[in-house]
Every structure is written in C-alpha cells, then in structure tokens.
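To start, I am sharing the structure in question, which I have written as structure tokens.
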Amino acid sequence: MKTAKGSEFLFFALRNPKLRVGLTVVLFFLGLSLIGPLLTHNAPFDYVNPAGADPPSSEYWFGTTTFGQDVFAQFVEGLRATFLVGLIGGGLGTLIGVIVGFTAGYRGGLVDEALNMLTNIVLVIPTLAVLLIITAYLEVRGVLIESIFIGLTAWPWTARAIRAQTFSLRSREFVDLARLSGMKSSKIVFTEIAPNMMSYLLLAFILQFGGATLIAATLDFIGLGPTTGISLGLMMNNAVLWGALYLGMWWWFVPPGLAITTIVGALYVTNVGLDEVFNPKLREM
Amino acid sequence: MRRYFGRKFLIYGLTFLLAVTIDWLIPRFMPGDPIANMLSRAALNADAAQVLYTYYTHAFRLDLPIWQQYLNFWNALFHGDLGISTYLFPTPVVRVLLRAVPYDIALLLPAILLSWLAGNRFGAFAARTKWLDNTVLPLGYILTATPYMWLGILLAWVLGIVLGLFPIAGAYSFDLSPHLSWRFLSDVVWHWFLPFASLFLVQFGGWAIGMRNMIIYELEADYSHYLEALGSPRRLVRNYAFRNALLPQLSGLALQLGVIVAGALVTEVVFSYPGIGYLLLSAIQNQDYFLVQGCFLFIIIGVLVANFAIDIVYVLVDPRTRKGMTGEKA
Amino acid sequence: MKRSRIVLSILVAMALLLAACGQATEVPPEPVETEEAAPPEPTVAPPEEPTEVVFERGETLYVSGAAWGPPSTWNPFQPGNLANTTGTIGFLYEVLFAFDPMTGEMTPWLAESGEWTDATTYDLALREGLTWSDGEPLTAADVVFTFELGQQYAALWFSNVWVYLTGVTAVDDTHVQFAFTADPLYQEWANNLYNIPIVPEHLWAGLSEEDITIGANENPIGSGAYLYESHGEDRNVWVRNEAWWGIDVFGTPAPARIVDIRTSSNNVALGMVIKGELDLSNNYLPGVADLSTRGYVSTFFADAPYMLSANTAVLFLNTTKSPMDDPAFRRALAFAINTGDIVNVAYANLVRAANPTGLLPSLSNFVDQDVVDRLGFSYDPAESRSILAAAGYVDVDGDGFVEAPDGSAIALEVTCPFGWTDWMEAISVIANSAQEAGINIQAATPDYGAWNTALQSGTFDMTLNNWANMSNTPWTLYNLLFRHPIQELMQSGNFGRYDNQEIFDLVDALARVPSTDVAGMQAACSAIQELMLTEVPMIPLWYNGLWAQFSNATWTNWPTEESAAATLPTTWSGYWQLGGLQTLINLEPVPAP
Amino acid sequence: MSLQVENLRVYYQTLRGDVKALDGATFTIEDREIMGLAGESGCGKTTLGHSLIRLTAPLRYVEGRVILDGAELPIADMARMDEFRMKRISIIPQYAMNALNPTRKIGTMTQELIRSRRMEAETSPEELRRRLDLVRLPHDVLNMYPIELSGGMKQRMVMVLSTLLNPSLLIADEITSALDVATQKAVAEMLVEFRDRGIVKSMIVITHDVSILYQVADSILVMYAGQLAEKASTETIIRSPRHPYTKMLVSSLPTVGVRYAEHKLAGIPGTTPLLLDPPQGCRFRDRCPVAFRKCVEVPPFLELAKGHWVACWKEFGSHA
C-alpha cells in the first residue's frame, strides 16, 4: 500500500504543471550559480571595462558597473550567496522549527505550554528589526553568519505548523496502536510519525528557503549584509548608491532583483504544486 | 473567551518584557563607543574632547552600575523618557520618534488593510476559476515573491524617473513648509503614493495567493458538499467558504506583521520616507543606540497593538473562539 | 460597498494624520531647558501668510551635501551635530575674520582690522554699527564675553586658546585687546580668528553651562546674513536677515530664502540635481563628467578634476604594530600603492593625486620641492620590491607575499567605514596594488562605529582619514598628522600613534611662527617635510574634492576657474568663513524669461 | 413506483484506471418503502447513494438511468440536478457531524439555505419548529452555532434540514455509525416517523450494520463488490436468504449493534476482489462455497419470487 502511495505521489509530481515549472526555474538558477563563474573570465570586482558603465553587450552579457566591473560576474557570484543563505538560513530555520514544534506537539503538557509560549513571543518580535541590530554588532560579516542569524530568527511559524501537525498525527490510530504495542516513543517518532511528516517538512523548508533569501536581500540592500563578498541585495544597494537609477544603468539593478523574485516565486509555485500532490483534495481532476 | 484573552495578555506581557530587556542590552553590545563617534564628527582639541566625553558619559548615565542602569531604564520608560539622541543631539528620542510615527501609520495602515481586503477578494475570485487560476494567479506569486525594495526601485525608476509622474524621495516638497492646505495635503499624498504602492502590491499578491489556497480547502469541506447536495446555488457555497477562509487569513495577518514591518522599513529606505524604519537605519548607521532603542521599542509596541487588534477582530468574527472552544489562532 | 466605506475612512484618517505630522515638523519645537521660545521673533517670518509656506522658486536657493543628518541644534559651540545645520557659523553667528584659501588672505568680517602690536598683544577693531537680529548692537563686550566663555568652560572646543591667552579686554565698544603668554601659538590664533563665532552676551550671559556647551539653542538670535526660519527632518530653512549690518558692506544677498537640504544619500541628491531641484549640491555625485556634459550641472573646473581640492586623504599606518613600525616597510608601501588607479578608476578622475607632503595645492608655496624631489614617492612596484628586499622582506614560503625579516608572515588590513562607497573602492585598489607588489593587504569595511573605535584606540593596521579642513596654514594638517601627546584615545589626529618627539617639536615650532613670517613658516615646514618623507609615518594619497555641482538655471555667477575672484562654492561645515558665504552673497538671480 | 434505477454504472477514477464501484445496478423502490442497502464497506453502496444525488469527481457516470416519480434525474449534470436536490431527492450524509457551517448560527444558515432555494413560501417558521419538535430538538438550537450541539443533535438537525422540503426520496448514509446504541435506536425510529408522517415518500438507508435495518427497513438490498446480490423484504432476507453471500452475511450477523466491517466476515475465506479489473462473471465466485462452472458468467438480477431479486446461477438452476 505504502509503495503504491509513493508511486502515486511520483505520478502526480511528474504531471503537476506547477511543480514542473517551479522546479525547472529553481534548478536553472542553481545551475547558473554553479557553472556561471565558468562562463565569464572576469572576477566580480575587477575593473575590466575601462569605459566604465556600458549596457549589456556580447562581451559583458549584463553590462558593466560605473567602475567597469562585469555585472554578470557579480550576478552569478551573488546567486551563489542567495542559494547559500536559502539553504543554510532556511535549513536552520526549518530544523529549529521542527525540533521545537515537534517536541511541543509530541510531548504536550507543560513542555508544550512553555515552547508554545516561546514560539509566540519570538513570533511577535519583528525579525528584521532584531536582525538589523544583531548584524550591526558584527564588525565584519559574511554570508554564513548572516544565514545563521536569519535561521535563528525565522523558525517560529514553522514550529507552529509542525506542532499542529504533530498533534493531529499523534492522535491517529496507527500511533496509538504502536504505543499500545509498547513501542519506544523514539521508535514511534521515526517509524510512524516522521514518514507521515515528510511532505510537511518539505513544504516548510521550501517556504523557509524563500523567506531566508528575501530577508537576506533586504539586509544586504540596506547595507547590513555581508561586508565581504557580493550578493544580489548588495548589487542593488551599490546600483542605487552609485545613481544607477538616474544614470539609467538599469542593467545594474534589474537582474539581481529579477533573479530573487523569479527564484522565490518559483519556490512558492513549487510549494503549491507539492501541496496539490500531497493533498488529493486540491488536485483538479 | 476570558481564558483566550488572558493567555494573549500573558504572551504579550512576556514579549514586552523580553523586548525591553533586549532593547536595554542593545547599547551594551554595540561595537564602538557612540559618544566617541559623536565627538569625532568635529575635529576637536584633545582636552576639550576629553572633557566633553566625560560630560556626555555622565549625561547618558553610562557610569552607573549595570543593575541600576537596568532599573533606571524601566523607570525612565514609564516616564516616557527614552534618553537623548546622539545622532540628533540634543533632541529627546521620544520627540524624534513621535515625529516619525505618523508617517508609518499613514503608510502601513492603508497598505495593510487595503491589500488584505483586495487580496482576499481577488484570491477568492480566482479560486477554482480555471482561466483566472492559470492566468492571473501567477502574477500573485510574482508579486508576493518580489523583494519590497526591488519593487520600490522599479516603481521609482519607471514611474518616478522615466515617466516623472511621482517624486521618489521625502515626505513633501522642499518648497513647502507644512501647513493645512489643499496644496500641502495633495503634495503629501503625492509623495506618499509610491511607497504605499510598493507595500500594497507585494502584500496584495500574498493575500490573493493565500485566500486562493484557503478557499479551495473550504470548498472541499464537508459543509460545502452538504450544501451542494441540498442543491444550494454556488453563490451561497462560495460565500460561506469565503467567510470561513477569511479566518485563517486573519491569523495570517498577525503572523505576517513582522514581515510587513520589515517591508515598510526597507521601503522607507528606498524612498527616504521619514518613518521609524528609515530612522532606525540611520540610528544604526550613526551608532545612536538611544535612538535604536527607541525605534525598536516603538516597533514592538506597534506590533503588539496590531496583534491585539487582530485578536479582538478574530473573536468578533469566529464564534468558536468566543465560545471558548479553541484558544489558538491558525 | 462595505469595503469602499472602509477605504474611504482610511483615506480620511490618513489625510488627517499627515496634516498632523506636517504640523509636528512645522511647529517650532517646544522649549527645552531654560530658553523661552513660543512666539517666533519678529525677524522670523510668521508662518501664517501663504507666501511663507510656499517658497517662490525664483527667490529660493536650494543647497545640499553639507548636512549629516536632520537638523537638531543651532548652538555654534555644539561640537557634534553642527554639521547638520551648517551655516550656524557663517549665516547665523559670525566670525571676526574670513579666510580665503584661494588667495590665502584673511579678510575682515565682524572685525575691521586686527594686528599684533607686539609679540604678546593682539589688538582688534570691530566694524561700526554691527547689530544682532533682535536689534541690540554687537560690541566689543560680546567678543570679550565669547572668548571668556572658553576660559570658563573647558568643554568648549576653543577653550585651549587660554593655554597661551592670558586676558581679553574691551578697550571701547569697538576695540578689543588680547594679551598672551610669552610664546603664543600664532598659527592657531590666526586659525581661531576665523573659526570662533561671536555670540550675544545679552542673551547668553544668563545661560547655564549645559545650555552653552550642549544646548540646542532653538530659535537662535544671531548677527548674520541669514536667520533660522524653520526646519524639518530633511531640511533647515534660512531666511534673509533684512536688517543685516553687512548689506552696506557686501550688498544684499540675492536669495530671500536658503533651504539647506539634507539628502539621505548622494543618490537622492543626484536625482534632485537632474530634476533641477538643487542649485548647489556639495554631495559626492557619481558620474559628474556625464552630468556636466549632459548639461545638468556645472563644476568649478570645466574638465577633470572638475573639483577643487578640499582636504588630503591620508593613509594612516599604525606605527605601534609590526611591520608598520619599520620606516623601510612604510616607505616600500608608499611606492606600492597605485594612486593612479584610485584617481582614474575609483574616482573617475574627480580627484587629484596628493603631493607626498600632503599639503593642499592652496598651500603649495610651503612645499619644499627639493625635499620632495629627493625623498618623494609615487607608484613604482619595482622600487617597492627592491626596498623590501633590501630591508630583508622576502617571500620565504613562496605564497607570492613577502614575510617579515624574522620570517613571520605579514597579513594586514586596510579599512574604511562601510558605506563610504568611494573610499571602499579606494581601499580595494590599495589592497590589490599592494598585493601585486608582494605585500599581503586585504581591504575590510567595518561599520562606522567599529571603524572609529579602532581608529581612536589604535587597534587598526592601516586606515584612511582626512580630518583636516582647508586652512590658512600647513600647521592645520601637521596638527592632524602629528597630534601629540600620544594618549589612550587619539580622537583627532596621529591615529597611527607615530611617536617622535623631534617632529612634535618641529610642529610646535611651526605653531609659534607668526603668520606674517612666511619665510619662517617655509623653513619650519621643510624641516618637518624632510623628517616626514624619510620616516613616512603615514602616506598622503589623494586630495578629496570640494564636491560642488551647481546649476545655472535659477541662480548664476557661481565661481569657476574663469571667475575673476573665485570663492569656494561650498556650504560644508567650517567652510562658510572660507568663502562659502561670499559665494552665496555673490549669486545673481536669473531674470525670468 | 417511486424510484427506478436502470443498469446504473458509476466508476471511480484512479491513476491505475477505473474502479468499477457500481457496475450495473437495476432495482426499484416503491412509494412509502424504506429500503436498507447493506454490504461490506467498499461494496459500492455509498457510491450508489452519492450517484443518486451528487455525482462528482472522482466519480464518473458511465451509463444507466435513474427515474424518480416518473421523471429522469440528470444525475450526471451537477447544475441541472440542483432543481431536484432537496425538493425531490435529499440526503443525510455520513459526515452529518460536520455538515453544518461552523461559523453560522444554525437558524441563519437554514434561512439562507431556504432563501437561496427560493422556497421561503413553502417553509414557514412554524413548520420548521414543528420539525424540530419532531426530532426532539429545542427551538433555540436555531440561535446556536454547530459547536454548541452534541453529535446526536447535529445529526438530528441535519435530518430536519435535509427533509425540510419534503423530498420524495431520502438517502440516509451510515447515519448511525457514529452513534451509541441508544441514540441509534432513536434515530432509526425518527426515520420511520418521517416516512409515516409522509414527510418523505421513500428512503434508502445505507449501512453496514444490518441490525439497524431490522428496525427500519421494509426491504433490504444486499450489494457485493459493486454489484447487486439480492433484494427482498427484510423478513425474507433475514429468514430465508437465497444468495450465498447474503446467507453468510446474515448467519455471521452478530448481536445487535456490533459492527463487523472492521474485521473480515467470520468464516468466509478470501477477501472482496479489487474492483480495478474484477473477475469475470460472478464476483463472489472465488469466495463462494457453492460456486460452479456457470459462475464464470455474470448472473442476471432476476425476480425469483414476488419482490425477491437474486443474482446467483445456483438459484436459477434450482428453479429451472
């Protein structure tokens, strides 16, 4: 039965247009971030174009900055940062969320009360305000640190969702049966509950990934992102600082924002696609 | 219901306590020495600098023992005294903030409410209407995925610079000094529009998507099926589904507040709109930790108030909370 | 329809709020401390009349680029945030003399004349008929009062004049006599004459120490050409003082109002310039070349570097750290830095490379060319390498970077505050070119606060700084470079903590040369330069421009290289008495077509 | 004759093809007849129930006709069916517990429903209250929200709603499964009362709890694996069933109230066949103790005695 179910997911997954489109886009950018640096011989910060700012051309696909830096080189480099943040920040956020939410939901009682309280508190405190202040403390910041702090502040809503989910799961028959049959709770968690939770985790992670990249972009844009290296948000920041809007250097600030939007958008679409795959009710027959 | 609110208040209380404590800790972690920074703005002779340094240190009560500073902080807080801004020395922080708050309200309140209402209507409209679902909805996804500042930049570029329809910085023109007149108000609204628009659009997308997904769940709920089985027209079924889908959307609003604040913050930066967010950034950049404290505090209070407002509305619209059956939202 | 009602109510609420917040910015902030404020002074135009709240373009001058942040104080002794209301000294409160860096001459302002009657006495004559904006006369008593404030309160920035000043006496209403100790610091005194603002005794005598040292001095009463009218988060509005004593002397300034705009970022200023909303922008604007060719703005020079040089960007080396404690290494570094790239790429030719002595072009007659020829430096990697090699710095481990003579690896950081975009580009050039020369330097951009702490407590490796304004004397620069004694916190100079009594003595000697004795000054300078260029305690790299982009759309007669008597086109804090004010006074309106 | 179903085929769409959930059903229900519909879960009885009133994906109409009071029901057409729903044919769904909109007062919802059906005239408030009395619900439930009602109350409320417009056919789907024995009895009696008072003409009571049918049903239709096995008066089905499956069903019938769907039929080897591609012929074949060659062909559903239909070759054989 389970295998049949699994194959059924796969079947829908492969046929769900939202999922297909979404994944393709994300994977495309991921690929670009990986092989991109090979497509250009320019380093992100080198002053390669003596002419300064030039619109996109066969030589500089995305044009060049005021200083004659290759925008494409910066772009692909920035993509990496974006994915890194999404992966680490989103991953961490999901992880903490799952641990907290699950413990709360599964243990219940006082533990739940306490954790739930904590979640709600952290939930109310606006993340960015905190991040701004935290990052302001760090004298020199890297993408890694940034992602970690993002992860540390982004978990609450995941915790909430997972908690609710766990509640519903632990009251299901098969769990009771397992408990009756004297299975160790740890074993129950991994054999009975975890598998039923996987779909949920996946969805949560995707959303966290998107959220993390957006927050990171915001931080970078207001100049509290990495003080070393380049990122898409930082590119926009520089573009604005150096008057790209007024001097009409659209190629400097359009690609980075567009990339973020497309990636995150694609992630959301993927998410809905998966949702449809997991919940037959949402499928359109 | 009493239990419901009691619980809420407890949470808000604790949140506030925590927030204030974090707030108090801010300067104690700040790298560098704000007063030294402030003095270094003007090249001074060493002795004068020294004298002033000690002077300010005392003025800002940084020379007291930590615990006492903490108590003083609370005490001062309840007297509405958040210290003096070093960045805008010698203006009291509270005064600086009170000048900024109206801009935030003017920006956030309409943006949040309108986008929520419009977004939900639209989402419900699109749901299960194939062509809309497949054509217009992707727009929603794109909008909600757009980084606030990027949309801001694009609007500023296209509408502000290329077409020159709107100003893209400040709250009102430089050839006006504030007064109650049509000229001034229209000028203010004119400056207000772009920041508002970029906030509105991004959120609109989010709510549309949210409602679209919610209402599909509701349309598949048992009560919807029953109504169909009794042959009640689609209109009624959808109407019910919509109303019920609004509830999770409402709690969604509470959950989103943090993100929205973030959006407002960065939008204000893009359009140099003199709200709290804009202030917070300059405060951080200028190491003015009293101002940072103030901004953070005001933001927290704002969010708490908003949350509470939403709780009340929620109780009004959802009988279940009123009957004390379920305490939690979402 | 329910929705529409909500929408409506929201819009109404919003309009009201904005009106309210408008009010918030408008009302003169209610008095803090002792000052009684409420009814604006008669000179301050009452804001009721519609003409007062909507400024006529043709009568209003819009300037920007000077303010660091929202206006918050109009206290001329307020060290920190005066920069936010530049013009407080110049417009509002005036100084005894003005100094014109273009000609190098002191021109009388409040003072009519002043001279050293003997080595320890300075006699000053005020102009006749000086008045405060409240009608009271400005007399010698006010001058005495002002200087004595410095004696009374050590917190005032000029208090240390009393180290060598012994007394100030009002001979009569227009004559003041200053008495000095045996060896006055003539150079600094000259400096003070055009930097210390005179405040009204009749209003200030009653103020507490707190008010005087750190008070905001809202609704100030001054003696100057323009008076405070109102302010908002992003602007400070000055209104012409119709009763200004100087009208007879300098003529009536053309703009009825001057709006000093605080732009949140240079980028915003750029936008306003392009839209013709700014008459004078003292911001650092990217792409000026482009802008001026497109006819949006004019600059002092028609071509590169477009700008006058305002101050020297100096690379301070932390001489307490190895290997920066080794003159040979420092000298090698001086040859390793590609100043050309900084000028051409990072600044797109907006600036000039600095003279090795660091002295601005306006002070070039104090540069000892012979010393420079012998000991000067410029970008020359080969030379740099050979110096390093000679001093025992060789690449032992073959990582392409030299190690110290003792074999220890060298890894240094060059820093500037994050967000100072032009400097950020500059230090990356520094790092790259040094690396090519085999010196391992990485660029780092901490936040301002962190940077500033490192700067003052001397924990940095090497960093940029330019805190010496244009001046009447090279002493100003040397006072920054060789500030002594070395203290725990070096807040305003010698950040690299270069400790060399010999050079300190030379600087003090220079300070004691009378400003009139040019030969004496030159002698003192060349001695300093000799030592400085052999020791290379810090490396002057380029001259930051006196950023000034102006538009001739509404106001003309801006100073350019062609102008007969060009003055500085700037509103920067501390530059008003260096010609900035004169520039604004000289402006002429463009007759409406 | 009230309801007439002719060769109705409704399949259940899945990824691996159609599940022949209802594969050719032909039967009739007389006026004032309460027909029990029995069988193991998955035998297609619920599918039958739904097909008659709300045939939506993944259910797929294949062929067959349904005639109610002489008029054919457009069961395959969701929109056109609306005209018949609630007025002519109505249902008390399995999920009666959640059938009411949780955020609407019951009274309000009822009104809105009626108004949406344009039936204000036909249903006076008095009538509504009379109905409430009938199912022994206090009148003020109308001012309550569903969460304030117990499971039993909700179900009775649903009964009132579904029958408010006096439909001629009422489908009661597993209405008792969620209730305790006592309540079951009460509910069952109410159903009968509805019929006796002529509120509904005839009724299909779907359940896998045959013991309930004792109390309410005039006749019982036994289904097996998507096909009809036997239909006869309740007496006959219990006393002298003729289809081997019915026999087992009845013989294995435990004491009142206990449900057997959970565990497999006692003493019947094998399980119900997967209906993806059901075995040719009689689908009970390989579980049938008396199966023989003939059984590879599909047995017709023949009326062997007055009002007694059976689909089993053995029975025909003994007759022939």
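For reference, chains read A, B, C and D in written order, and residue numbers begin at 1 within each chain.
Definition applied: contacts are C-beta pairs under 8 Å (C-beta built on N, C-alpha and C of every residue); 3 or more make two chains touch, one makes a residue touch a chain.
Computed from a predicted model, the values in this text were never measured in an experiment.
**Q** So which chain ends up closest to the centre of the protein, judged by Cα positions averaged per chain?
**A** B
**Q** Count the C-beta pairs in contact for every pair of chains, then give the pair with the highest total.
**A** Summing C-beta contacts for every pairing gives the maximum at B-C.
**Q** Distance-wise, how many Å sit between the C-alpha centres of subunit A and subunit C, to the nearest whole number?
**A** From the centre of subunit A to the centre of subunit C is 46 Å.
**Q** Let me have the rounded angstrom distance from the C-alpha centre of subunit B over to the C-alpha centre of subunit D, please.
**A** 55
**Q** Just how far, in Å, is the C-alpha centre of subunit B from the one of subunit A?
**A** Between these chains, centre-to-centre, one finds 22 Å.
**Q** Counting in whole Å, what is the centre-to-centre distance of subunit C and subunit D, each centre being its mean C-alpha position?
**A** Roughly 92 Å separates the two chain centres.
**Q** For subunit A, give me the residues that contact two or more of the other chains.
**A** In subunit A, residues 136, 139, 223, 240, 245-246 touch at least two other chains, as defined above.
**Q** Quick check: what residues of subunit C touch more than one other chain, meaning two or more?
**A** Touching at least two other chains: 265, 271, 419, 446-447, 450.
**Q** Name the residues of subunit B that each touch 2 or more other chains.
**A** 30-31, 161, 285
**Q** Going by the contact rule set out above, which residues of subunit A touch subunit C in the complex?
**A** 45, 47, 52-53, 66-68, 136, 139-140, 223, 227-228, 238, 240-243, 245-247
**Q** Spell out the part of subunit B that touches subunit C in their complex, as residue ranges.
**A** For this pair, the touching residues of subunit B are 30-34, 36-49, 51-53, 55-56, 59, 85-92, 95-96, 98-103, 105-106, 109-110, 113-114, 117-118, 121, 161, 164, 168-172, 174-181, 183-185, 188-189, 192, 272, 274, 278, 282, 285-287.
**Q** So in the complex, the part of subunit C that touches subunit B is made up of which residues?
**A** Listed in rising order, the residues of subunit C that touch subunit B are 3, 6-7, 10-11, 13-15, 17-26, 29, 32, 47, 50, 52-55, 57, 60, 62, 68-70, 72-73, 78-84, 154-160, 213-216, 230, 232-235, 237, 259, 261, 263-265, 268, 271-272, 275, 277, 419, 446-453, 455-456, 467-469, 480, 483, 487, 489, 491-493, 573.
**Q** Under the touch definition given earlier, write down the residues of subunit D that touch subunit B in their complex.
**A** On the subunit D side, the touching residues are 53-54, 56, 78, 81-87, 90-91, 93, 95, 98-105, 112-113, 116-117, 145, 147-148, 158, 161-162.
**Q** Going by the contact rule set out above, which residues of subunit B touch subunit A in the complex?
**A** 10-12, 14-15, 18-19, 22, 26, 29-31, 130, 138, 141-142, 144-150, 153-154, 156-157, 161, 209, 213, 216-217, 220, 255, 257-259, 261-262, 265-266, 269-270, 280-281, 284-285, 292, 295-296, 299-300, 303-304, 307, 330
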